[in-house]
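Below is the structure I would like to discuss, written out as structure tokens.
By letter and in written order, the chains are A, B, C, D, E and F; residue numbering begins at 1 in each of them.
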Amino acid sequence: MNTPRSPFAVDPALQAEIEQFLYHEAALLDEGCFEQWLSLMTPDIEYRMPVTQPALARGQRPIEGTRAMHFEDDHRGLRARVHRLGSKAAWSDQPPPLTRRSITNVRVEPGDDNSLRVRSNFVLYIVRRSAQVDLLAGTREDTLRRVEGSLAIARRSTHLDQQMILANPLSMLF
Amino acid sequence: MDQPTAALFGSLDVDALLHERGTLDPRAYVDPSIHALEQERIFGRSWLLLTHESYLPEPGRFVTARMGEDPVVVTRTDDGTIAAFLNQCRHRGVPICRHETGRARSFTCSYHGWTYNARGRLLSIPNEARLFRCPIDRDDWSATPVPRIEIRHGLVFGCWDPQAPTLAEWLGDALLYFDLAFDAPGGTEALVGVSRRRVAANWKFGAEQFSTDGFHVSFTHASGFAALAAVNPQGDAAPFDVLNPPMTQMHSRYGHGMGFVHDLPAARAQFGANPIVGEWLFGPRLDYLVSKYGEQAREIFPLHMNFFPNTGSLWPNEVRVFNPSGPTHMEFWSWLIVDRQAPDAVKIAMRQDQQRTFGAAGIFEVDDMHNWVEAQRTLTGWQTRQRPFNVEMGTGSAEPAELGLEPVPSEAGARRFHRRWAQLMTTEREAGGIR
Amino acid sequence: MDQPTAALFGSLDVDALLHERGTLDPRAYVDPSIHALEQERIFGRSWLLLTHESYLPEPGRFVTARMGEDPVVVTRTDDGTIAAFLNQCRHRGVPICRHETGRARSFTCSYHGWTYNARGRLLSIPNEARLFRCPIDRDDWSATPVPRIEIRHGLVFGCWDPQAPTLAEWLGDALLYFDLAFDAPGGTEALVGVSRRRVAANWKFGAEQFSTDGFHVSFTHASGFAALAAVNPQGDAAPFDVLNPPMTQMHSRYGHGMGFVHDLPAARAQFGANPIVGEWLFGPRLDYLVSKYGEQAREIFPLHMNFFPNTGSLWPNEVRVFNPSGPTHMEFWSWLIVDRQAPDAVKIAMRQDQQRTFGAAGIFEVDDMHNWVEAQRTLTGWQTRQRPFNVEMGTGSAEPAELGLEPVPSEAGARRFHRRWAQLMTTEREAGGIR
Amino acid sequence: MNTPRSPFAVDPALQAEIEQFLYHEAALLDEGCFEQWLSLMTPDIEYRMPVTQPALARGQRPIEGTRAMHFEDDHRGLRARVHRLGSKAAWSDQPPPLTRRSITNVRVEPGDDNSLRVRSNFVLYIVRRSAQVDLLAGTREDTLRRVEGSLAIARRSTHLDQQMILANPLSMLF
Amino acid sequence: MDQPTAALFGSLDVDALLHERGTLDPRAYVDPSIHALEQERIFGRSWLLLTHESYLPEPGRFVTARMGEDPVVVTRTDDGTIAAFLNQCRHRGVPICRHETGRARSFTCSYHGWTYNARGRLLSIPNEARLFRCPIDRDDWSATPVPRIEIRHGLVFGCWDPQAPTLAEWLGDALLYFDLAFDAPGGTEALVGVSRRRVAANWKFGAEQFSTDGFHVSFTHASGFAALAAVNPQGDAAPFDVLNPPMTQMHSRYGHGMGFVHDLPAARAQFGANPIVGEWLFGPRLDYLVSKYGEQAREIFPLHMNFFPNTGSLWPNEVRVFNPSGPTHMEFWSWLIVDRQAPDAVKIAMRQDQQRTFGAAGIFEVDDMHNWVEAQRTLTGWQTRQRPFNVEMGTGSAEPAELGLEPVPSEAGARRFHRRWAQLMTTEREAGGIR
Amino acid sequence: MNTPRSPFAVDPALQAEIEQFLYHEAALLDEGCFEQWLSLMTPDIEYRMPVTQPALARGQRPIEGTRAMHFEDDHRGLRARVHRLGSKAAWSDQPPPLTRRSITNVRVEPGDDNSLRVRSNFVLYIVRRSAQVDLLAGTREDTLRRVEGSLAIARRSTHLDQQMILANPLSMLF
């Protein structure tokens, strides 16, 4: 079929590169390499997960006001989280849960100058204490930046598809 | 010390659950018949936190909330007062209101269209006259109202018992502590988005800890403190010296409890590490409290607290409610509240601090969840339900008849929480309002 | 009106569940002991729908089915009759038949190889003589048979009670309505594929609604009607005028109920919007019914119905069974049935119409599911179980001693459903066959 | 490794384009943009989901006869569904459930002239009423057509991996 | 034959559960009150398998284990002995040990830092003197110890009942069979990694089958045998002739049971298909056993067995424990054990053989799981709980007063398993140690 | 964006080819084509799944010793499993469960001469007896080899994220 590409045509090399970056990042979290994971963040990282609101009903205006947050970290905030995860006294994570992240539906768009806007979905499977299985899903919007020939995350905003958090304690990174 | 409670309920002897000296039968955390009785005797007549008033800024706004295990609708009515009613259509039981928050002046059931007003009063039934051919009494068939509503410092409370004491009476000698925790110049406002969690632990694990347990901090939260210290060499929120904390534990015979910092320099060190926040808390805010409550406001800086049965708070920017969800789970809702008149920078700093520490993913919160969930899970065994828990810390010291103020960590507050619980559990509902 | 039922069962007073005037205790939908008793007293002696005969076209074919919460195997035996038996090996309880449908003349248990014939009779045990050294009585150790099987218009019913009345007696004065719903020239056939759902609501929410509830339609299904109207400006399946529907509600003292369209032009408007379908239904099909049942067939066009306890149907192409699955869930199976002699175009049109409206993803069905599930979920509370539901619609009008025919919407049918339920629940099984 | 490609070699640009199209489509459903979703369907769309039958046992012949359907829509049928989802009175969807679709294992084959035969799997995570979590999975076979320089769905046949539907009410589009 | 057990427990009549001739009430597999009583009367006083000694090679090593539904910590203490205690902090019930295996000489609770030694004795409470102000008695407030520990051939057993007989007495006349199953020259070692499964079936389905059921093999495992035969034309592990197996079933009045191969050539055919394995088993290993237990060791080659209540094994390289997890589930842990002195090639061959046959994904194992899970699932019905299971196989033959040895398949072992179960279930705990 | 590719850049054609191979393999298992699946294995296949151990706590050394295995098969072992799955008497699989494999996060690295080292995650959805739903997740490390112009699996090592197996009977292939 040699008809011209549609608006959905993308550069397969760029698409594959970004996907590989996200898979690499996910594997670092699944394997507990939190320090290495942190090194993928830019120093000015904005890392957020608002408290999930109910989807709006037809015709309802959103309620005004400042949103509560599950995560709203800068680099220092993430360093604190990573420090804790490395501690023997991080009770909820010693022993660590088994986690497995599947990153799907990756969509890449050029952003400002040096950056890319990347949306992706995730399915996160978590097992604690040998038999407590939880499943989380959601979507993320990242800003990636090319830094010294490699890629780094400058902004991540995660939407978690649970209004009532069931996967407690929520000690995972997203 | 109070007399031991000896009454029986069902086949359960409260003596077997709660011994005088300070031991507690673990079955209180797992037994389905105890859980069922709690719905009637604890949640059926206590003052329960519903929501924050700022979610209901004008007539026509509503939120849904939860009282124990029961769903309610909370509304701002046209006369500006707040009302609440059971979220259940009286016809066949479908929820009257499907949304968590929004704007509405009446609520129409999705099954057959019965319509209720903002007080839950049955307004209309489609084609009633022709179809029913019998009088449908509006008094009999309106949504069950929450007969008592009170608002204090923006927190909206409800109570199912028409004969209950007032909220102030219910708080009793803990009232001042409640006021110092939640009053603020210009009032408070809640951020948008209730942080909700279903946690696999009995609600009392949370309520009791918030009442009284300052002594778990250095152990449970060791990794959190180390993490904060590591990223902030100047040291913010360092734990107190466990043996000589600048803290007092308050415990009330009505089951309320609080740990507060009892001197200003220590409070500044604890809450004012971020100078922007400190300037507000110990400047305009404190001035207001001193002018209203007197100099004692300089000696009571609330840290953790629980107002019986299940309104917990971590001062100065969070309030939460530990609702049961069966005997082995709690569903807990947490609101971020900030002082309305505080500068935006303070509000932002408080929000960011909260998510990092005691938000759902907070580095302190997750270890508390861990402890509760693991304690509950362990109770699925049989041997694990055979021997009592120890609640004896501080038993040796004299215990006051009325409000207790303990200068060092103690479980007197936990004992009082459980004794209040046993008092309500063994008092029949028909006996009239309880004190 | 019947006398109120006053007997006790266990600690539950039926008076507390079902009041004479028309109120219903919500605990009937949640209480585990009520649910347990239903298995014995309702599902243990009622006629229950098993399957459609067209799945068993010749000897050697079988399907598995469900009676209440019990699994059964239904077979076409070599003499051409249909038999059914409990799907449980008498040795250690493994299912005798693992497949949902297929061809087999005998069934061998996967654990130790006991083999049963198509009537569930124990045929052989591997090496029985040498290994057992004791007589294994074939009468004692065959699979529990379903002692009563009847087929009516292709629908296969079974009943566990050997002393039960015949199916026709069970249907009683509702028999004609059953016949007019399911009879067809040349019989009916079921499409391949049973649409099954596990729905988080007590089975009685479904059964009662199908019996009697024509008045939820305009409310619950408003969005569905609007959607159909939007894509079909000529307007198919518009809702009736709620105040003057061309409909009659039938209710039987045996607990059956139906809403039927009582005149031909209205029936044509309702069911014949698609001319291909209308031509069949009101042509050859109606001719057949009139010739068999007389002119009354022109005045009874069934729309929704439930034959007690749990055989529901939406005419003219679906039949379903509301089986319990614990007190808080139902497992419901729905079959698409079409008239065997109808032209293929009619069959296709019916199938397509059904998936769009009352299939698992049908635009009407999903809102019914919503209402039931939400009503059930609300009953996890405590306050939500304290006050009765209202079933009073139409109470004021005279109620006939026997079959009731109500020209306007009424809950008389619901009251009769619940009264029949209470009658069976309070009658001991040993008392012999019930009427 | 420069050995020749295997039978599994595909045109990476086409593969990426089709994936992007399916991700875009999934996002429209997850975000409640049902009208836009509908605009991706051709006017002659065939949209089907048969009632799931048990997998056949070794040696069993399938039972003959017409299959019952969960979905069997043409464009008009889908318009009706989309219309309903836009109504305030669509009780089961007001407020809307949170949904998240992960589209995986995309396999593209050329079809007749202008069309592509695309198979993909899905994992659909659904949250209703804040805490009722359901998970569905299945596989789809789509026929995509190049229409005016873009892509459109001309046929979708979905196999849902649940014989007993547990995720009720089943008001989602697939 | 023993007298029938007639005592009542709760409202349950054991006669209704277990009839003399050999029928069994299926409610024994589902009833919550039976399950609760089992925790006290079966698991509260039987010898239970905890772990294999090789996981605790030196002082300071620990593993966590499970006794019935209770979590325990098992340690190698500084004096080299093994100790065990309930994994529950006596303060508020958080597990004392969070890890499944590791190295530790003391265990600190994560909630408030109570610290216990390797015997579960309370060592310290942070700041106890100052905070508690009351004596915390170490005897009262240590972790509940498992008072009885015995090790036999590397298998570590524990028992909650201080008055229980010794392990050897508990095994009684089955002791020799235990020894021949688990003794080995130089002892055994367990592979790293406990294979755990939660299976939706009552634990007794597993325990009973392993005791006695050699006759399911040819049916249940037909596909597994065919698969092995297909890939190995020389035929390994072919099933025995069902009518004339070279096997004897042992059954003990203490509820233990075993199927063993009773002649050497048949044993070689069964276990020695792989010559590497055969050389070891029937060479050095058999020599050792003969020298220790005499010539009878040549006539007892254990195949399947269960030591009452729940220690099952498939000789020669697996041991497992069927722990309850509620009435409808079991949690079962399986260890691979190999003879320490066996050549590496034998160990590898045994490991590979085990994963293929009776590992979690083994081609035999999966069909056993299937049968148990399906039998349990069927018991969610009501009719399915009304009629007894048949346990009559072999009833006709004479039954010995003491140890039974049956040359052909029989369910005598199952009857004895259930009779022992009923004996314990109907004997009060206070009555002292049971035999 | 024309900046140079990062270390995450890959050959999109190779990436797509390997993904297609894995999707094809997964579909064979989901569709019950076990013999065809077996033909994708090299004669010297090593197929392993160790018993999942708890993730190690900070500072703990792993316990020494030989690992127990859920799977440790050579070609003959897999042949036995496939033979059983084709039998009418494979009770746990007659009727077969519905299964759906989503293969995600595929990462390809060159291996020795002719081979590729491929890591991927999986989400496996299983439905037995119409309503018993299980969900498994994990990660795999495969060695793929180019054989006669096509691809074959020479080694698969699967890590299953469940210490306590909940999806019993575990009769699936991975």
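List of remarks:
The definition used in the following text is that a contact is a pair of C-beta atoms (placed from the backbone, for glycine too) under 8 Å apart; a residue touches a chain by one contact, two chains touch by 3 or more.
All values reported here derive from a predicted model rather than from experimental measurement.
Between subunit C and subunit F, the least number of touch steps comes to 1.
Comparing chain pairs B-D and A-B, the larger number of C-beta contacts belongs to A-B. Set against the Cα centre of subunit A, the chain with the most distant centre is C.
Farthest from subunit D in terms of Cα centroid separation is E. The distance from the centre of subunit C to the centre of subunit D, each centre being the mean of the chain's C-alpha atoms, comes to 32 Å. Averaged Cα coordinates give subunit C a centre that lies 47 Å from the centre of subunit E.
Residue positions 12, 15-16, 52, 54, 57, 87-91, 94-95, 102, 104, 123, 130-131, 135, 163-164, 166 of subunit F each touch two or more of the other chains. Shared contact sites, meaning residues of subunit E that touch two or more other chains, fall at 98-100, 110, 196, 198, 220, 367, 370-371, 374.
Looking at which chains touch one another, you get A-B, A-D, A-E, A-F, B-C, B-D, B-E, C-D, C-E, C-F, D-F, E-F. Those residues of subunit F lying in contact with subunit E across their complex are 49-54, 57, 60-61, 63-73, 76-77, 79-81, 83-84, 87-93, 129, 132, 163-166, 168-172. Interface residues of subunit B, counted against subunit D in their complex, comprise 98-100, 110, 196, 198.
By the touch rule above, subunit E contacts subunit C in their complex via residues 26, 29, 205, 215-216, 218-220, 242-243, 367, 370-371, 374-375, 378-384, 386-387, 389-390, 392-397, 408-410. Contacts from subunit C toward subunit E in the complex involve residues 36, 39-40, 43-44, 67-71, 86-95, 98, 109-113, 126-127, 130-134, 136, 141, 144, 160.
Residues 12-18, 20-21, 23-24, 26-27, 30, 32, 86-88, 90, 94-104, 110, 114, 116, 123, 125, 127, 130-131, 133, 135, 146, 149-151 of subunit D touch subunit A in their complex.
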